[in-house]
Each structure stands twice: as structure tokens, then as C-alpha cells.
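Several structures are given next for inspection.
Look for chain A in each of the two complexes below; its partner is chain B in the first and chain C in the second.
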Partner chain A sequence: MATQTESQYSRYKEEFSSFLTDTWIGYAFVIPATVLLAVVIGYPTLRGLYLAFFEVSLLNPEQMEFVGLQHFRALAADPIFKAALWHTVLLTALAVSFQYLLGLGLALALKEKVPGAGIFRSLSMVTWVMPIIVMVIIFRFMVQNGFGPVNIILDSLGMRTTYWFGEPGVAFPLIVVMHVWRNVPFYAISLLAAMNSIPKEQYEAARLDGAGPLERFRYVTLPQISYVSMIMIVLHVTFTFKNFDIVYLSTGGGPLGNTEVLATYVYKQAFEQYALGYGASIGVVMLILMLTFTIVYVKLEEVD
Partner chain B sequence: MGELEIRDLTKVFHDDGGDIVAVDDLDIEIEDGELIVLVGPSGCGKSTTLRCVAGLESPTDGDIVLDGTAVTDQKPKERDMAMVFQSYALYPHMSSRENMEFGLKMATDLPKDEIRSRVEETAEMLGISELLDKKPDELSGGQQQRVALGRAIVREPEVFLMDEPLSNLDAKLRTQMRTELQALQQDLGVTTLYVTHDQTEAMTMSDRIAVLNDGELQQFGTPLECYHEPENEFVAGFIGSPSMNFFDVELDTTGDRPALVHEGFRYDLEEDVYADIEGHGERFTLGIRPEDIELATADEPNAVTTTVEVTEPLGEVTYVYLEIGDRQYTATLEGDLVIETGRTLTIRFPQDRIHVFDGQTGEALRNRSRPDDEVVESLPGFQSSDSVEAGME
Partner chain C sequence: MATSTDPEDRNLSQRIDAWLDEDMSPRRAIGVYLVLGLYFAFLLLPVVYMVLASFTSQSFLFSPELVPALGDLTLANYETVLSRGDFRTYFYNSMIVATSTTLLVLTVGILAGYSMSRFDYPGRGGLLYAFLSTQMLPIVLILIPFYILMFSLNLVDSLLGIVIAHSVIGIPLGTWLLKGYIDDIPESLDEAAKMDGCSHLSVLRRVIVPLAMPGIAVAGFYTFILSWNDYLLVSVLSQTAGTRTLPFGLQLFQSQNAVAWNLLITAAVITMAPVILLFAVAQRWVVEGLASGGMKGN
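Then we have the complex of A and B:
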């Protein structure tokens, strides 16, 4: 009995020491990144969650008062918050749909051996590589009143000219256009890469099987780019949903709150109105919605 | 019916460097139910020919005729042909069943249950019923091959086109599938055009072989015709393994008897051989298959003394690599002979086994005598046979 216990014990010891020796170097590599993430992401997230239940002012953050779910009740009645939420959802839906459809079209066009496609492929990435502030300045210049190219053209056609980012019905579509303009090439390149990995024999087999061009796209291309499509869409849904800089730099949420999105509203509440707790509660709502996307994404990934 | 005719087929590819003639004026007539193998080295135009027949390439010139109707301008799906690809080209996102159903769904308006039952029948015939709900990446190479075959068979086409369907399989499976494929083709009786670079597949599977080189048809005949009576040096060298030995020789008529002179030996010719080559200049290529080389004593006429460079004992036979002149030649000798490297060996080329080709054109002037049909048919166990080839395949 004693020997058995001893041998069992030594087996555990062996297992444990091999576990240690085999894995310690792995942990050693992972620990710095984990610590960094915990400090940079984990702490602020938890702190934000915590703050959402308190009344805190940025002017005097030491003084906190627990208010429970009061901020969330206020949110439910806040018309600006509701407008911002609606703008965010609309912006995300429109931008991602147009990005995907145009990107898919561009990928299909680039897949054909059009002369100059190679050069275009490289050049088209410029929009994606360009810093957002540069892009926004270019767009602002384009729609500048008086000397912006857009207005010069409109003027020559005898149409109304104005600073279009300041025009209520136009500012929001312009923001959608900026999102689309920036990301279409990235969609196109990713989808093109997925398409190019489909062996041409499959298309030949489909032709012999009697499938026309649309059917080949529907039954051969589309199912095989669906995985990349899904990743692109989910990633860009999250990117667009939480996007701050494009909106803030171009319109700052205006005119008259016409382009206010959740990210800009959080910023304004926390850093312009000094309502840290209220801002944090909006952040929590965003976090919950983003988590939902993530869960959908993970589920979709499991299905495939 | 599936009578397929390839008429004056020419395919030229335009490249930056100029025009590449992939297929040059090819003429092949295939009878209903025949299995024809297009064989040749890489780049000989065999795959291009198949793709022109399939409609995946449009010919520069010439016609593809199926049962008397030119299909050259028809789209692939209108041609009633099914193709098996080297890479199988299964749709990875569809199960085996969906792969097999796809063609029927696209090209026919059969009801769903009819499609289903046809797929299941075919799957049963191929022994893949239990694989129907698996996707290609869950299948082994051999199983994928069967599904690809099933996809072609289920459409019940007039013609099967197969583009090196066995080359992605390992050697053992390839041999097994070769036999299965042949049996299947005979059962179904569907005209089949089969492309391969492997002369063993060509020999063992085909009713007739079309040997191609540089886009031109070299010979179109039964496997044994190509083996025994090659029309030129290329076919002689391509069909048969190990390859035929070729010696560059000159005709010498100054002695008592006409002879072919090589730097390593002098080969006196008999009357009938000389009659075949007379008047075709002075330069010839003498060909002898490794398996036709015999051991001899030094005093025999036309004996050649050589040095053994390498031996490869395979058990049943031994390949002996010999140096004659400055080049290496192969002889296939009995397996139980132990021949050490470096020793001298005297061999002879039996006169009824040699081939002689024109030194310039490569055209065969004299081929070895074919095995006498009467002699073969009088062998015990051979009485009821129809032909020599059927028995030897």
C-alpha cells in the first residue's frame, strides 16, 4: 500500500515537474503581455463599469456617491442618448453594408485580368494607410465653402454651395461616405485574397456541371469567401460602432447633434460636462452591445 | 451513343514571347464505348486537347464532333461530357452528396427525389454510400477520387474526360484504382478520353493509345501496336519501361554483308532487315528493348562486349546498366543472375527483335516481328481467346 501511494505520489511529481518545465517558458512569454493588457485594458474597463454606478465629477473625482441604476434610468429618458444610439446603429449598418458590397464588387473587378489592376491594387490601399486626421482634413477641404472642389463644381452647375459638414441633412451621409471610402479597398483586398485561394479547377468543374456565371458566383465563390466576409463584417461592425475620431474630427457630433454617436457622446459627457459617472454608464451600454457582437461572432465561427 | 471525333484540332496560345502551338492538327476518331488514352511527356498538348474537347478552351482551328454534330462552339454544359480533374476539384463547402448532386441540379430539371436516388445508386456502385454526408476535407485522397468519379458518373454523360485522375494517389492505390476505373468504364460502356503522362496507365487501361509529342500525334493504335510496332523513334522510346535503347549507327556496305556500325560494335544485317532500310541514306538509329537483349558468348556473330556499370536487382528481373561506346544502356536480365558491377558482359541483339529508325526523320523502317498469333493461340489455356491483346492486357 505504502509503495503504491509512493509511486502515485512520484507520478504526480513527475507530471507536475514536466508541466512546469514544459510550460514555464510559455508562461514567461505570455505574462508580460497579460500584465500589459490588464493594466491598459482590464483596469480601465473594470473602473468604467464601477464608475457607472456612481455620481462622479471629473473636477473632483475623489468624491463619489453611489447612485445604483440611476444613470441607466436617466439614459432611457435622454433624447440625445437615444439619437446617438440610433445614429451609431444607422452609421454602422450603412457603412458596413456599402463597404462590403462595394468591396466585393471591387474584388470581382480586380480578379479579372484588367490591365493596370496590379497598380490599382497597391494604390487603393492608400486610403486605408492614410492617418484618419489627414483623411478628415482632405474631406473638409473638399466640401469647404468657396474654394472646396465640391463647391466649385456645384457652383459651376449653378447649385447651392455651403460648408457641407455643417448642413444637417448632408453631414451624416458624408460621415458614412468617409467610412466607406476609407475601408472599401481593405475589403476588396481581403475578399480578393479569399477568391484567389479558390482553385480554378472548381470553376471549370462548375462550368462542366452546367453552372452559369451567377451560379458559379453563388455556389462556388460566395461560400468560399463567406468566412473572410464574416470576419471582415464583424470586425468592421465593431470598428464602426465604437468609432470616435472620424466623427469627432469632422463634425464633432454636429450640426445640431445630427451626427452624434455614442463614442462622441461619452466623450462629451465625461470630458466636457465632467459627468464621469454618466459617461461611464453610456460606455457600459456600448460594452454590452459590443459583447453581443462578439458572442455572435464566436458562435458564427463555431458553426463554420 | 458517344462517338467522339477530334478533327484537325489546332490550339495556339499567344504569349509575350510569341505563339506557342500546343496542339497541332490533331485527328482522332473514337468509337462509342472506347477508352482512349492520350499520353505524352509534359507540354505535349494532351491536357490542352482534353480541355478543348471539354469546351474549357476554344480551339484555334478544327472541330470537336460528338455523334456527328459539331460541338466546337457549344458551351461546356451543352456538350454532355463530364470531367474528372487531377486535383478532383470537389467543392470543399459541399458534402459528397451535394457535390454529386450539383451537376444534376444545374444542368437538368430532374425532380429532387430522382436526383437523390441517382446519387445514392452511383454512390453504392462506387462503395461510397457511407461517405455521402462528409465533406471533401474529411475524406482521404482515394475517397475524394471516388466522389469526383461519382460526380462525373451520376450525370450519365456521353463522354468521360479524365485529366490525370490517378496522379495524386500513392503508388499502391493508383494500381488498385487503375483496375477499378477500367472495370467501371467497361461496365458503363461510356466513351472515355483519358489523359496521363504515365505510359503504364496508358498501356494497361486503354483500348487505344494516342501518343502525342510537341502537340503532334505520333501514333494512334492499340497498346501492343505501339509497343511492338512504334511508328517512330519517339513512340519507341516513350512506350515501354525501361525505355528502348537507341544506338546511332552508320550503314556500311563495303564488307561481305551490309552492317550497322556503332563506335562500340559492328552489327551484320540479314537480308530482310537490309531490304527494309536500303535506300534511306547511311545514318540510322538501331533500337532494342532492354527485355530483348540476350546474353551471348564472345564468338557468336554480332556479339557485343560491354562493361557492367550498375545493376538493379528487382527479384524477378535485374536491370543491368551497360557501357557501350561512351553511353549507358539498359538490359533486363533474369532476376536470379548475380552480376557484379565492373565485370565484362557479352550480349547480343536478336535480329528479329531489333528496330531500325531513319537517322534523320526518326521514322521506323523496321520493327521487331510481332509474336505470331498462331503460336500464341496454340498455347495451353488460350484456346477460347478472341485475340492476343485481350489475353495480354
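Then we have the complex of A and C:
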């Protein structure tokens, strides 16, 4: 009797200590990544959020004056901020819509079993792989006045030529085109993978029920790619919304502030106007908008 | 389709049928090729044109001609760009930074992914969520505190500082991808290895790493291009030519008033060539892996 409880006790002890060591080893393995992220991303983020409530200059970052919500009140009256917010929302909405529709189209075309489809599939990712600065150089080169291929063609058609990134009304659509150009292949490849994982029998069953190609797409394909679609859309809404270098490197926010977005406005406030606190408050607004979007979208998708 | 009576004709239609998949009519195939042609004209013509233009003489480049003659082709731009010592330094820096970043992210990512996949401890789920939520932060918001931090750690204007900056951008998605692949490895394999007396580290080395290779290839590729392509962080951290990488170094060929377009596009081709070559080698895993990565959470 006594020996039995003793052995039971020692078994519990063994399990408990193995639970403890396993837990500690688990922590030990995850610590390097966690510490790196906490120090290099976590700390600056908290610091950035904190700065939004202070008046502080890049020239003398030690001297801080608490101003409460004053920056946020100033934002509400800042016409450049309001324009940048509108451009950011419009850019995100247009870019992601076109990316999704064109990506879906490309996925459907790549799904067809024509000879050579594999080559097309591999080639498609080139625009997504290259550095953003190279993409911007390509587009700026294309629309150079006098020798850019787009203008050479326009000229031969007897149309107006100019450096199109410098043209109000054209610069903004060009930024949308760059976002679409870069990311359509990634949508296509991801949606294609989702489509290929749909069992063939479901299409056969729908066909037997008399569903045409459009109905099969609507009732078999669409519902089964909705999860990947959600991932793609959330990923690219946040990417487009916070993206800095596509606008900064191509137009710098010009011409005449026509393409100014929130990210470039934060950068200019902080690094050109030295207004760290004001810049940080714009960053806080960006973060709040993105979090709200993500939470609402994911919740809506769950309800479906 | 096979109702044709003319023997010549039947021969041809049989050949096309054999060449095409059974559900694919030639008419449908033509339609598909047409659509793919339009897409790839949009996506690839600009790239192809830039590569072609980088092999032409300056006089052709600045002329209002669209298509170069054979005599316009030259390697002169490449000779000029590659003969510049500073440009070669940028290239080596890019190689060092992207390779080191990839190794660092894979090391800490495999450890973290293994931990999150195999161990159960308080805070595990929240941690992965916290990792991923860093992807949502606008980098411009953290740029200044980040710069001040790197400055106080003496990491400004050093390649190590750039490697650390790129790594923390790559770790969250890298860890998430690797965790997904490790989840797919049956746990009975680790148990068997542990029975044979393997420690956790040797289970990782002998079982997990070999079996998660496709996932490691995907995470490694993703990290390499993220690091290779970065402009913003390098532009903040690099203060002298000795620590510039290629994307930031391209400004070498453009000043406020003048752009040496022939050299700039040539340097741009050289800048994108390694990642495109790497993609060509790795695309077998990468295309499937990136795509299925998105579905892992399902």
C-alpha cells in the first residue's frame, strides 16, 4: 500500500518536473525571436505612441513637452492631413479592388490546362520579386518625356506627351497602376492554389445539377476561395495603407501634393519639419484605422 | 471533334487533341492564350524593355526610337557600372546583409517555430499573435525611436545594424511559415528520436530541419528578398558609402538635376538580377509554398 502511493507520488513528481522542463525549454527556444522583436520593434512602437502626446523636435529629442491631445485636434484642422488621408483611403480601395479582380482573372486563366501554363505561372512572379525601387525606375523610365517608350508611342499617335508622374490627375492613377502591377501575380498564385484544392467531384456534381460555368464559379469556386481571399485582402490593405516607398520614390507626394499619402506625410513631418510628436500622432491615426479595418473585416468574414 | 472525314484533317485534329488536355477545346485554348498574352504584356513588357534598353548605346536611349537596330546594342553601360568600385561595394554589402539576415531569421525562426509547434506553455497563442501583429505597424511611426535606439546601441552605419533591422521585419512571417510546416511533421517522429536518446536540439537537427526543408526554402527566400529589396531602413541606417546596399546605392546615378538613365537602368537590372535568378532556382517550392502558406491557418 505504502509503496504504491509512493510510486504514484514519484510518477506525479516525474510528470510535473518533465512538464516544468518542457515548459522551460519551450520558452528558451522562443526567447531569441521574442527578445529581438520586443527590443527592436516593440520598444520603438511604444515610444512612438508615447511621442504622439508630446511636443518634441528631431533637433533636440531630449526636450519634451506634454501637450495631451493637442496634436490630434491640430490634425482635424490640417488640410494636408485630410488630403493625405483621403488619398491613402482611395489608393488602398482602388489598388486592392483592381488587384483582386485582375488576380482572380489571372488565376482562372492559369488554372486552364493549356500546354505551357507552368511557364506562365513561374514567370508571373517577376514583378513581385523585384525591389520596389527597380519597379519605380522602370515606370519613371517608361514615361520620360522625349525618349520614354510610352511617350514615343503617344507621340506617334499624335497625342500629348509629358513626364506623366509630374502631371496632376495622372500621377495618382500611375501610383495605383504600380501597386496593381506589383501584386496581381501574388493574388493569382494564391487564389490558384486555393482553386486547385477544390475537389473535382464538386464541379461534376454541380454540372450534373445543371449549373452552367458562371453558376459553378459562383456556387463552387467563390465560397471555397473566400478564406484565401480574406488573407490576401487584409494583407494588401495593410501593405498599401502603410506603404511609404512607392509614393516617396516615384513622386515624393507631388505634383502639388496630388499623391501625398499618410506615410509620406509622417516622414516629412518628422524628418523635414523635425516635428516628431506631430508626425507620431499621424502614425497613431494610421495604426488605429488599420486595426479597426482588420478587426471588422475578420469579424464580418467569421459571420459569413 | 473526331467526326471529320478528311484523313489529313483528322490527323491534325488528333494531334491537337493529344497535345491538349481532354477537357480543352482548341478554341478555348486560343482564348486562354489570348488572356494570358494580355496579362503578360502588361506585366513583363516593361521589364523586358528596360533590360533591352540597358544593352543599347546612350545615343539610342535618348532618341525617340522605340526598337533598337543591331548596331545600337552594346555592353558599354555594364562596363561603366561594373567598373565603379563604390557600386561593387554596394553589391557585396547587399550580398552580405541579405545572406546574414536570412541565416539569422531562419535560426531564430526555426527555434521559435519548433517551440510554438511542439511545446505547450502559458502565452503561446498570444505570442504568435503578437509576432504577426507587428506586420501591421506603419514603419514610419517607429522610424525615429528606432533610429535613436540603434544609435544608442552603436548600430548606426554598420552592416550588423542593417541585418538586425531586416531580421526583425522578417522574423514574424518567417516564424509563422516555419511553424506551419513543423505542424505538418508527425510528432511521433520526434518521440521516436527522443526514445533513441536525442535531446531537443538534436531532434531539431536530425528530424525537424530535414523534413521542414521546403518550408525553410520558402521562409529563406522570403527573407532574402525582403532584405535585398529594402530601401527605407537602409536609407535611415546607412550614412556612408561603406554600408550602402544596392537599392539605396542606385541614387549614385541620379542627382537633383540630372539622371544618367543609361547607367541607372543598367544598375537597376543588376540590382534585380540576383533575386530573379534566386526565384528561378527556388520557384518550384516558393510558388507552392507561399500559396499554401496562406491556407495553413485554415
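Note that the second predicted complex is superposed on the first by the 278 of 304 C-alpha atoms of A that agree within 3 Å, B and C clash if a C-alpha of one lies under 4 Å from a C-alpha of the other, contacts with A are read in each partner's own complex, and residues count from 1 in each chain.
In the analysis below, a residue touches a chain if its C-beta (ideal position, glycine included) is under 8 Å from a C-beta of that chain, and two chains touch if they have at least 3 such contacts.
Small disclaimer: the values here were computed from a predicted structure and weren't measured.
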{"item": "Which of chain B and chain C A:Y219 touches, first, second, both or neither", "value": "first"}
{"item": "Dominant toucher of chain A (residue count), chain B or chain C", "value": "C"}
{"item": "Contacts of A:F141 with chain B and chain C, given as first, second, both or neither", "value": "second"}
{"item": "Chain B versus chain C as contact partner of A:E201, first or second or both or neither", "value": "first"}
{"item": "Touching partner for A:G105 - first (chain B), second (chain C), both, neither", "value": "second"}
{"item": "Contacts of A:S190 with chain B and chain C, given as first, second, both or neither", "value": "second"}
{"item": "Partner chain(s) touched by A:L256 [first = chain B, second = chain C, both, neither]", "value": "neither"}
{"item": "Complex contact set, residues of chain C against chain A", "value": "19-21, 23-24, 28-29, 32-33, 35-36, 39-40, 42-44, 46-47, 49-50, 53, 61-66, 107-109, 111-112, 114-116, 118-121, 124, 127, 130-131, 134-146, 148-149, 164-165, 167-168, 171-172, 175, 200, 225, 228-229, 231-232, 246-247, 250, 261, 264-265, 268, 271-272, 275-276, 279-280, 283, 286-288, 290-292, 294-295, 297-298"}
{"item": "Touching residues on chain B, where the partner in the complex is chain A", "value": "54-56, 75-77, 81-83, 85-87, 89-94, 102-103, 106-108, 151, 155"}
{"item": "Chain A - residues contacting chain B, complex", "value": "199, 201-202, 204-211, 215, 219-220, 223-224"}
{"item": "Chain A - residues contacting chain C, complex", "value": "22-23, 25-30, 32-34, 36-37, 39-45, 47-49, 51, 58, 61, 102, 105-106, 109-110, 112-115, 120-127, 129-134, 137-139, 141-142, 144, 146-147, 149, 152-153, 155, 181, 184-186, 189-190, 192-194, 197, 227-228, 231-232, 238, 242, 244-245, 249, 262-263, 266-267, 270, 276, 279-280, 283-284, 286-287, 290-291, 294"}
